[in-house]
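What follows is a single structure, and I will ask about it in a moment.
Chains: A, B and C, in written order; residue numbering restarts at 1 for each.
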Amino acid sequence: MSKSHQEPSSEDMASDATDFSALPGGARAALEAVLMVLDVPASATDLAAGLNLTVETVEQLLLELQREYDGYTVKAPDMETASDAGFTSSPRGFELRNVAGGWRIYSRAEFADIVGAFVLEGQTARLTQAALETLAVIAYRQPVSRARVSAIRGVNVDSVVRTLTQRGLIEDSGTDPESGAILYRTTSYFLERMGIGSVAELPQISPHLPGLDGIDEFYDAGRM
Amino acid sequence: MSKSHQEPSSEDMASDATDFSALPGGARAALEAVLMVLDVPASATDLAAGLNLTVETVEQLLLELQREYDGYTVKAPDMETASDAGFTSSPRGFELRNVAGGWRIYSRAEFADIVGAFVLEGQTARLTQAALETLAVIAYRQPVSRARVSAIRGVNVDSVVRTLTQRGLIEDSGTDPESGAILYRTTSYFLERMGIGSVAELPQISPHLPGLDGIDEFYDAGRM
Amino acid sequence: MAESATPLAERARPAGTDDGGAAPEAGAAPEAGAAPDAGAAGAKKPGFEVRLANFTGPFDLLLGLIAKHQLDITEVALATVTDEFVKYIRNLQSLGEEWALDEASEFLVIAATLLDLKAARLLPAGEVEDEDDIALLEARDLLFARLLQYKAFKQVAALMDATLELESRRYPRQVALEEHFAAMLPELVWKHTPQQFAALAEAALTPKAPKPTEVGVAHLHGSPVSVREQAELIGLRLREGGPLSFRALIADAESTLVVVARFLALLELFRDQVVAFDQVAPLGDLAVRWTASAEWSSDQLSEEYEDQP
């Protein structure tokens, strides 16, 4: 889940750099921390902006990490900045890939069979009732945030929303300008499965049900 | 994504084990690859079943990885299986933690500010005092009805309970056979957010509550 | 369980120092840690200031008032506290704060609580004479116990807050399933027509009636409990197990009704002079002793409770 930063030039930022030496593992570990939780590939430019480093530094660190994950000994005489990168010489179970201009950590391709079996174990072809209801709420109230869907359904819907996204039935449609929350909408695959041409063709439901405005009154009473 | 597998005994599985020596990085890397795709904590048992390894082996590998990510030198004389684990002595940007009954990769807390800038939806907002107190009562008295929580806090807790449910921290756990009241308990998401394995790891309340072991009986007797 | 799972209490403490005091101080003195509202008000600050958004309940306020005066609850200058409470309410009114019914009733509970406390305080210690006095004494103990319990929960809530805050600095890896795995998922079975889907949406969007707050009606339909049977049971236990505390005698009671029945049975047994009571300290545990011969039977009980649940 990367976000593009409004960037002053990377030189400006570097002058104002975070003191990575105070952090365990330094800038390399900081970059690794970001990569580990990034959902979508991030460009070296975005990473540099977020880390307050120059693009060149980040690119060098990315290549170092990539080689280290692949098992190369990174402490080579020509790479003085890699002094603390260790002597790892066996590949890790994950790899850092540069896909279409963005970097992301993936499970290593050689383990695809094992990982695939683990992921697919127990997966069913059917949506649960919770998933169906959540999909219905999103379809009729889109674009809508997870928090709002949770409020309507009365339970946390995070994992169900992940499943629906994974299934290609809903997708990220930007963020709410006010709250910054991700808004979800149904996909064309959803329309295809429903056998309709657009969401406008969904059958009407009672107009008296709370709309997005009314829901506030119903559900947001409990201030947190 | 984890689930319980129908297991033949772990001995059977080991005899039928995947030949990890043919894969780069061996079983350790295979485990690492699986950890990369988890979206909820996975137990050592589930991981062992998915990898066709014994639970003991997986537990040992998990501990090795955990220590390695934390920067310990894992090639100690007493750990012969760790021969290829490298000599890393600076912490990685991420850590492997055992929470809510399972293992999962997290970015290291020291990098929270940097990582937070990349994660679109920050961690959920801080709980209010009212929500925290209600959550505490439920955590220590679970399963517990709203009426009991109200009695302890001295106020109506309906809306707070609703919000805590929406945020996935507590859930309905059936009804009291006597009063028919809905009982609430904390969720595994709560454990994960608290960074603990089970509610038994919550700090002891008794030092905070001198000599009031029998208060529940008092309570039911004199309800205000 | 794991190396990563350090006991909370140990971890919560460093949090205060790491974060430069941003997190509530887990190890702080009970008063300060327990009542941030009161702490914020400070000892010197004039007037009792509570922001409505932070207000969480009558026990909170009561604790705040007590903490502010740095007094043990048993020595609270009630007149001062009460005056201050009234002043607080007037102040709110003068500020034009709108009162929701919920909040207004919460304040009524405070008023009642203060009144209870005051009434209990009026009772001179050690001069318990009639049943009303005892009831007042019990009310005071109960109130005191409740306040202590509430305070304990407030303290662990602060600990939990610190832990949650600390833990929120770790972000879990939670990435979308890699595409080649997503492609391997079994093809979705979809059987809903648009009309069925709309019905589903309609049901999901209909605001749910708030879950009912329980009304204790169970006792109305409870199976009858016989005092005679309970007397029989008590007799059996006392003859076999020697002196037992009342607490032990009701430990397995499945409902309040059974507790009441056993209590009445004990009174009956006492009247028939087959049991005796020993109490070491005032309000301490009551030990019940069997004093009659082994041949006693519940048939000898008075007929008063015959056939009455």
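Points to keep in mind about this one:
Convention: a contact is a pair of C-beta atoms (placed from the backbone, for glycine too) under 8 Å apart; a residue touches a chain by one contact, two chains touch by 3 or more.
As the structure is a computational prediction, the values presented were derived from the model and not from experiment.
Chain closest to the overall centre, judged by the mean of its C-alpha atoms against the mean of all protein C-alpha atoms: B. Centroid analysis (C-alpha atoms only) places C farthest from subunit B. Spacing of subunit B relative to subunit C, judged by their CA centroids, is 27 angstrom. Rounded to whole angstrom, the centroid-to-centroid distance between subunit A and subunit B, based on C-alpha atoms, equals 21 Å. Inter-chain spacing, taken between the CA centroids of subunit A and subunit C, is 42 Å. Annotation for subunit B: residues touching 2 or more other chains are 36-37, 39, 94, 105, 107-108, 110, 115, 119, 127-128, 162. Residue positions of subunit C with contacts to 2 or more other chains are 53, 171-175, 177-178, 181. By the touch criterion stated above, subunit C contacts subunit A in their complex at residues 53, 171-178, 180-182, 184-190, 192, 194-195, 197-198, 200-208. Every residue of subunit B that touches subunit C in the complex is listed here, in rising order: 36-39, 63, 66, 94-99, 104-110, 112, 115-116, 119, 123-124, 126-130, 132-133, 135-137, 139-140, 145-147, 152-156, 158, 162, 176, 178-182, 192-198, 201-205, 208-210, 212, 214-215, 218-222, 224.
Across the interface of their complex, subunit B is touched by residues 1-3, 5, 18, 23-26, 28-38, 42, 50-51, 71, 84-94, 105-108, 110-111, 114-115, 117-119, 121-122, 147, 150-151, 154-156, 158-159, 162, 175, 180-182, 219, 221-224 of subunit A.
Across the complex, subunit C meets subunit B through its residues 1-5, 7-9, 11-12, 36, 53-54, 56-60, 102, 106, 109, 112-113, 138-139, 142, 145-146, 148-161, 163-175, 177-178, 181, 210-211, 213-214, 216-218, 247, 255-256.
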